[in-house]
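Labels run A, B, C and D following the written order; every chain starts at residue 1.
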Amino acid sequence: MSSIWGEKVKISVFGGSHTAAIGVTIDGLPSGEKIDMDKVLLQMSRRAPGKDKTATPRCEKDFPNVICGLKDGFTTGAPLTAIIVNTNTKSSDYGAVPELVRPGHADLTALYKYGEHSDFRGGGHFSGRLTASIVFAGAVCRQILERKGIVIGAHALSIGSVKDISLDSLNPEKALLERLNSEYFSVINPEAKEKMYAEVEKYRMESDSIGGIVECAAINVPKGIGEPMFQSVESVFSSILFSIPAVKGVEFGRGFGVAEMCGSENNDPYRVDDKGNFVTETNNAGGILGGITNGMPIVFRLAFKPTPSIGKEQKTVNTKNRENADYTIHGRHDPCIIPRAIPVVEAAAAIALMNLIK
Amino acid sequence: MSSIWGEKVKISVFGGSHTAAIGVTIDGLPSGEKIDMDKVLLQMSRRAPGKDKTATPRCEKDFPNVICGLKDGFTTGAPLTAIIVNTNTKSSDYGAVPELVRPGHADLTALYKYGEHSDFRGGGHFSGRLTASIVFAGAVCRQILERKGIVIGAHALSIGSVKDISLDSLNPEKALLERLNSEYFSVINPEAKEKMYAEVEKYRMESDSIGGIVECAAINVPKGIGEPMFQSVESVFSSILFSIPAVKGVEFGRGFGVAEMCGSENNDPYRVDDKGNFVTETNNAGGILGGITNGMPIVFRLAFKPTPSIGKEQKTVNTKNRENADYTIHGRHDPCIIPRAIPVVEAAAAIALMNLIK
Amino acid sequence: MSSIWGEKVKISVFGGSHTAAIGVTIDGLPSGEKIDMDKVLLQMSRRAPGKDKTATPRCEKDFPNVICGLKDGFTTGAPLTAIIVNTNTKSSDYGAVPELVRPGHADLTALYKYGEHSDFRGGGHFSGRLTASIVFAGAVCRQILERKGIVIGAHALSIGSVKDISLDSLNPEKALLERLNSEYFSVINPEAKEKMYAEVEKYRMESDSIGGIVECAAINVPKGIGEPMFQSVESVFSSILFSIPAVKGVEFGRGFGVAEMCGSENNDPYRVDDKGNFVTETNNAGGILGGITNGMPIVFRLAFKPTPSIGKEQKTVNTKNRENADYTIHGRHDPCIIPRAIPVVEAAAAIALMNLIK
Amino acid sequence: MSSIWGEKVKISVFGGSHTAAIGVTIDGLPSGEKIDMDKVLLQMSRRAPGKDKTATPRCEKDFPNVICGLKDGFTTGAPLTAIIVNTNTKSSDYGAVPELVRPGHADLTALYKYGEHSDFRGGGHFSGRLTASIVFAGAVCRQILERKGIVIGAHALSIGSVKDISLDSLNPEKALLERLNSEYFSVINPEAKEKMYAEVEKYRMESDSIGGIVECAAINVPKGIGEPMFQSVESVFSSILFSIPAVKGVEFGRGFGVAEMCGSENNDPYRVDDKGNFVTETNNAGGILGGITNGMPIVFRLAFKPTPSIGKEQKTVNTKNRENADYTIHGRHDPCIIPRAIPVVEAAAAIALMNLIK
């Protein structure tokens, strides 16, 4: 198992849904960076559960306790570790022994990999709760990036069949991104948000869940970062983005749309702008050519599967007697993960950028 | 720049379009594995240019010269290095100094990153020719995987608006995958192939190019490989898949389709099969749950952008006088990269699996 | 800064002398390994300060609080994190701003590297206290190794001019190693220990300190681990051994002694033993040939410099006014680090072996 | 097997004593660095065999053929690969099947690790010939370092009982280092060199071999590089230095000498020099405190064991019938590796520094 990611700035994520605590160590931060804990807490609260009906009513207190790496509010250059205590762990909700494995969850694959000593309580180390550590690390990194002018913002592009307006990939406004990255369940078009709420409620009432797409942009990213081959910006981003539970697809710029485009349409024409900079007239490339940034906004999208925890009866297997079985999961679940996933996507992008920028 | 990929089995890719040679070192191979060079050459020929009108008429001889790592046809356990000499390098086709940068290519980003000493000849280290090294490495790895029963096969799922039949994600037949992974421009439905040829020809006649989607499956992958967080199967695969030039999207299982699915539909129900194994009745997960394989086929798709080299006049900038300019690229190009990209995708999958399997 | 070490089993060390806590995450442990916490605490206590006059009278409670990675006493396969709270941190002992930098310490190099926001309190992340994290991680790893029959033991080979008997490099007895690895300040010859106490006391009375050598052996290490080049057993061991504060030299087998030996003397002759195994008649190689183990005991030695914290007046510089200055350090120090360093060396060896063994 | 080393600048070494060629890829070089091939060839020639009676009379042509990564004499930023063809490979000298394993060599450990398909010809990938690749890579790196003012030089500190003058660790003169790093078999005191020749000749006449110590210094290394814990300068250096065949000990500054020193003697007193810089009055630390450079010269020493290939009859085992045997090795060997090891040590230091310097 490797729960460490990054080369220049490494994050080491630890803990599980029902362990004493979860946490994260950020290794490789520059020294002397001021970290505003209120901004960190804002990001933590965007991911925290229990905000509305799209989310589980569990009352997790996602308060990060920084035990080292900060002195008088500044990074020291030494590893920065934060611990988040697990206070509300009702193990009985899930059951310690996965006699019946939950479809769409990692119960069976965990059993294959780790055997009976795996921590199955609430998903253990597979739990979406671990994304709190990613949000914390991203909240630290994005403050350093913001000092360089880089702004990252994401929104719910779609939930089920309901769609938000797509970000203007050529020029996502800084003010818009700043609104998106400070709201809970950020959406560009307020009407879309209302419809999304209705969509989620529909599935919640059916004891079901629904998937969606998160779209994210980062502006003012320096030109010339990334590498031609294996450290392409897409490779580095996708490596951490596919670590977010429930992500099944990642695309940059026009993404899968390029498959039906011709070259004369997809190639972004260059021009010299007012300040003498080289810019493109479109941004189908999502700010990346040959794996390297061209100074245009980085734009990407992630497909999230519907939460596998649903209240409906499902077909499964009994791992003890190796027979077919029916299974109805009880307990508290998010009928849609998208609202809480948005800050996780932004955080992962911030961590990726911290590794790419020299 | 990091042109090295992998943890357990590392590949180090070197060379450029117009250097004396390109090549690859595979580090970490087990010893005593028999490597059939005819099978390697078959894979090299599937990627080689000049097969038909979809491809550039350049006559590159993609012959890999193994200089170490094999003895009497068996791996020694020491690094295996192969060199492919560049014989047909007409530098005049491209021009050494990119006064005008080609839209959709890495000319400008290379200039940003490496400055004037970058090797711009034919795309240099960014050239699609580098994928020959990946195909070689994959051809070695897949022979080792095949001995474990693992079969990997890919096909052109779409070119422009023309679509092939999708692989049966639940049960892609071994015989079909073996046909796909031994053909040039492999397609499931022969009629689709004819239409794809016509589609490419249409764009070629217009001095334009067209994108597409490659779909790939791997069967008999052991259960329980991959990791919950940052070494998820999706993370490892996407990291190398996004290193293939022109890839702008990667998805696993139902991929972006999950965004409009509800949980009761997307969760793959388990059942016990005839042999007492746990299988799923659908394979929306693409063989991966919680980042770990469940023994079902791994299925994924990649979106390739249209070749940026087109014969039409395009808008660009002059990097010397920093003025707008028009640019018509002459020379030899693929109007569609999909046919030659298929073996590259299979090779990358083989390299990824070699790293994931213990 | 990179406070993460290892490939297969990674340890991530965090905290500083005066942060809220220090700790360590062990990533990549196999699941299902029983960990006896009493054995862990025994190792922690061997390193803990305040045992006798060789050590600082500080009363640090080195109690590791495991917050995740263990369930019912078994490893889960998920990252195992332990936190050790810093309870007795008298910041006034050292001073937060290093106007005067301590000779032999990292004060000035920390200032060069991290600037004024570096954590100078008690050495910060450079503090020898961080070795508590290494001892914890090693105490977990060695239990897994012991189940494979591997036993690691170290002793004070010398303190100043006083020497202990050297370990029989050909056949260090298991019982002896087990005695050494469970004692505080382990020495083979009890008389040498008495003389070492006297030696340390002599320097302590002079407000001075003294260096020494730790010798370590590991028996029953499997044959054939390590690599010919960059992952040689010596490379992997030395990489973590030189991370222990105050180590200035590392040698394997006959070490620097080989420089005056001829080949016919240094080459270890092979013979077949009673059980038909290939063994050597001497073990000048320290169990390693070509970077790979040959099944003989791994034997190595480390030179530790005298503790830089001494009570004598020393010449230094004032970093504020950039003038020469005299400096007398007050506070609590170890006049000799060797007694407490022994379990750290064993722990580092255990961590190294966990990474080398497949 | 991992024959790749480095984080920022990676070197990938490939080939064996009797493969078609050996070579190296340097990945991560900055672009636009002028590389003088004459300087590279000078370094290659310092390592090449056949210079005098200390060395094997084999006539290897160590000519590196750069196949990519350089354009018009400048680095392009893409991987730089050089191939050195093996022209004089008389396999009969060594024998392909190691029925009798050579004491002191890696024959038996290679058999343990790689089995019968290992390349035993001339030591295969374990051969000292692989150090030609390291010298090449170091020769490239040192030119980049020299442009920053860094000069690296090494010499034979001892061969058997004959000793050269030690480098002045406080102030090794630039001119001296430049003489040392351009000579074959560099020694500070010419008289010592004569005696060393006599020492080696003595052992050569006895069909024996002799060990020695190489001492190396690097001056003008920037302050503040390295890390407190696992990427300490000593850790990084020792990791690559112990990869050089035959090295059994590595020490920095006073090295093992610190074991008998007291703190008041070993601590290097600080003072302000004429230019207002902080310097030390002694350099027992070898330029490194807390794992980080303090701007003083980096000084270190390596112990090399005597060449295991000797002409005397030795005791060994027959791996086929598992019986004891006598063995006399015929063929061409170096009676002392020290003269040719000197440029390898300098090269490894250059590669290490390229990784440490930002």
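For this structure, a couple of remarks:
The working rule: contacts are C-beta pairs under 8 Å (C-beta built on N, C-alpha and C of every residue); 3 or more make two chains touch, one makes a residue touch a chain.
The shown structure was predicted, so the numbers you read here are calculated from the model rather than taken from an experiment.
Looking at which of C-D and B-C shares more C-beta pairs in contact, the answer is the pair C-D.
On a Cα centroid basis, the chain most remote from chain C in this structure is B.
If you average the CA atoms of chain B and of chain D, the two centres end up 39 Å from each other.
For the pair chain C and chain D, the distance between C-alpha centroids works out to 27 Å. Averaged C-alpha coordinates give centres for chain B and chain C that are 46 Å from one another.
Of all residues in chain A, those touching 2 or more other chains are 1-4, 13, 78, 113, 125, 228, listed in ascending order.
Those residues of chain C whose C-beta lies close enough to touch chain D in the complex are 1-5, 13, 101, 103-106, 108-110, 112-113, 125-126, 130, 158, 160-161, 203, 206, 208-213, 223-232, 234-236, 238-240, 242-243, 245, 247-272, 276, 278, 280-281, 284-286, 289-295, 303-310, 312, 314-317, 319, 322-324. Put simply, chain A touches chain C in their complex at residues 1-4, 10, 12-16, 19-23, 25, 27-29, 31-32, 65-69, 71-72, 74-81, 83, 113-119, 124-125.
Contact residues of chain A toward chain D in the complex are 7, 78, 228.
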